[in-house]
Amino acid sequence: MGCREFAGNGLQSFLPMTPVTETRLRVRYAETDQMGVVYYANYLIWMEVGRAELCQACGFVYSEMEREDGIFLAVAEAQCQYRHPARYDDEVIVKSWIEKANTRMITIHYEMRRASDNRRLATGHTRHIYCSSEMRPVSLPEKYCRMFGVGASAAEGEKE
Amino acid sequence: MGCREFAGNGLQSFLPMTPVTETRLRVRYAETDQMGVVYYANYLIWMEVGRAELCQACGFVYSEMEREDGIFLAVAEAQCQYRHPARYDDEVIVKSWIEKANTRMITIHYEMRRASDNRRLATGHTRHIYCSSEMRPVSLPEKYCRMFGVGASAAEGEKE
Amino acid sequence: MGCREFAGNGLQSFLPMTPVTETRLRVRYAETDQMGVVYYANYLIWMEVGRAELCQACGFVYSEMEREDGIFLAVAEAQCQYRHPARYDDEVIVKSWIEKANTRMITIHYEMRRASDNRRLATGHTRHIYCSSEMRPVSLPEKYCRMFGVGASAAEGEKE
Amino acid sequence: MGCREFAGNGLQSFLPMTPVTETRLRVRYAETDQMGVVYYANYLIWMEVGRAELCQACGFVYSEMEREDGIFLAVAEAQCQYRHPARYDDEVIVKSWIEKANTRMITIHYEMRRASDNRRLATGHTRHIYCSSEMRPVSLPEKYCRMFGVGASAAEGEKE
């Protein structure tokens, strides 16, 4: 899977030869709050939805990574900048890409846009540590290194 | 732990010699939706909070039931009647009691009132099957039977 | 929009000439709990997602009903029977249909199945009262009556 | 209300003469995920719970700020570092304090600890813009300036 170009703001960086995915979802009523907009914690759930699709584009199903290899992507950090409020029934596009990855952790970036007019709603990132089911840090198995662009391109990943 | 009387509507029934608990919680902003009231699924979360305290009043900590005995209270049915909308920052009292229990399942009833004026917000129940960690039905171990009022009072529990 | 037949269990009923919709969604990690299955309150959120699509199949967008006509579908009752646990990454099909509707309330039924093997996960219903933005009951405007099958078929709706 | 000292890590800063609050909450089952720990988005909900209590310690009830003055604290940024996983039934202490405030925005910091052993679970912050009910930025009314430590101490607030 090669690196797909996308119309960014010129400041985004991502690992060469890793995918950029776009996930579409529709805002649920449950996700709004009495301000009439989406409650801020829900953007982190959308990141998770985007992340799952990014894993698939990398060549594996996240649930199988957990079940078959006992590797969990524990969240070490999450950050989100809210630029324009999403509202009920909006179609949202979550763009996800790996910004940095090595054998101990991975950083994924996200951009959320409203599908109707491409308005940028939010941007953010999550940083993950690979863990065992007992939540102990582990080194990323070889097969996932290739998928996350760690290895041949590990130099870039490590440096960043 | 004996049966504590409470001011019901005369229609409520509960197992003799099992507790009735009252749990207080404050409505979170996250729990509201754009209608300006609490989103309906969140009342089921409040039932869970009440249920945990009911377990404690029965003599055990639910998390230890899971961890030490491998018994899970899988939900088989949930029902809620919404009588008056709860709003952000309301203090809510969740009253919980066992309505029926035998060695295969347990039914817990709930009444949610607004603390400020005792207004009834919702009533409902959940029915649970005891399960192993693999989600297979199991018979309730003796030690929990006593706590849930199954055994000496099993006759009543079974009949209902 | 006519009434579409579907493979039910023979016990389901629905208003003639109103639609039956199928909504697909994928289980999010956020929706699971430490039992390893979907937390029970989330099925009510899936019902909401199905309901929105049912509205659309009836001929209107629910958010516009709120915004343009000031009509809200306040939940008066919700009920769910859990038959088989949904798990992370499962594709779920939510079937939704109007079981009963009159000028004061509407009852919608739901059936949730796992897409991979059509296994029934849950069934349930929600009952709604039409409300103003101040949460006061209102009579359903004529235009929605037609869409919900109230009117010509009101007799059936009322009787049920 | 004066500034209460607290045992920090020496790196924390907060506006002089504004309060530091501690809010206790118990982890709900709904907040866990299949990893057996609290799902990461829920920490942002806990921040909200801490924030509401911080507002109260500042001298006002957040819901009244919305209702009576039409001022909303729209989230512009949220960040959380996850240090140790919270688990079901843990009692969590959310420490909240104003790090920076001026007439246009406010930054609140949070530290979440497990009550049983004071273990630090997470730290983070939220940045808010004062908005009207139509989500348009507004200048903070005088009465809230005093409460947030903007004004006499505005110099510090602005500088930071």
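Brief remarks follow.
Each chain gets a letter, A, B, C and D, in the order it is written, and its residues are counted from 1.
To be clear about the criterion, a contact is a pair of C-beta atoms (placed from the backbone, for glycine too) under 8 Å apart; a residue touches a chain by one contact, two chains touch by 3 or more.
Remember, predicted model here, so these are calculated numbers, not experimental data.
Should one ask which of A-C and B-C has more C-beta pairs in contact, the pair is B-C.
When you average the Cα atoms of each chain and compare centres, the chain farthest from chain C turns out to be D. Rounded to whole angstrom, the centroid-to-centroid distance between chain B and chain C, based on C-alpha atoms, equals 26 Å.
Centre-to-centre, using mean CA coordinates, chain A is 37 Å away from chain B.
Centres computed as Cα averages put chain A at a distance of 31 Å from chain C.
Looking at chain A, residues 29-30, 34-37, 41, 45, 48, 88 sit in touch with two or more other chains. Chain contact summary for the complex, chain A toward chain C: residues 26, 28-30, 45, 48-49, 52, 61-63, 88-89.
Here chain A touches chain B in the complex through residues 29-30, 32-37, 39, 41, 88, going by the rule given at the top. Listed in rising order, the residues of chain A touching chain D in the complex are 34-37, 40-42, 44-45, 48, 66, 72, 74-82, 85, 126, 133, 135.
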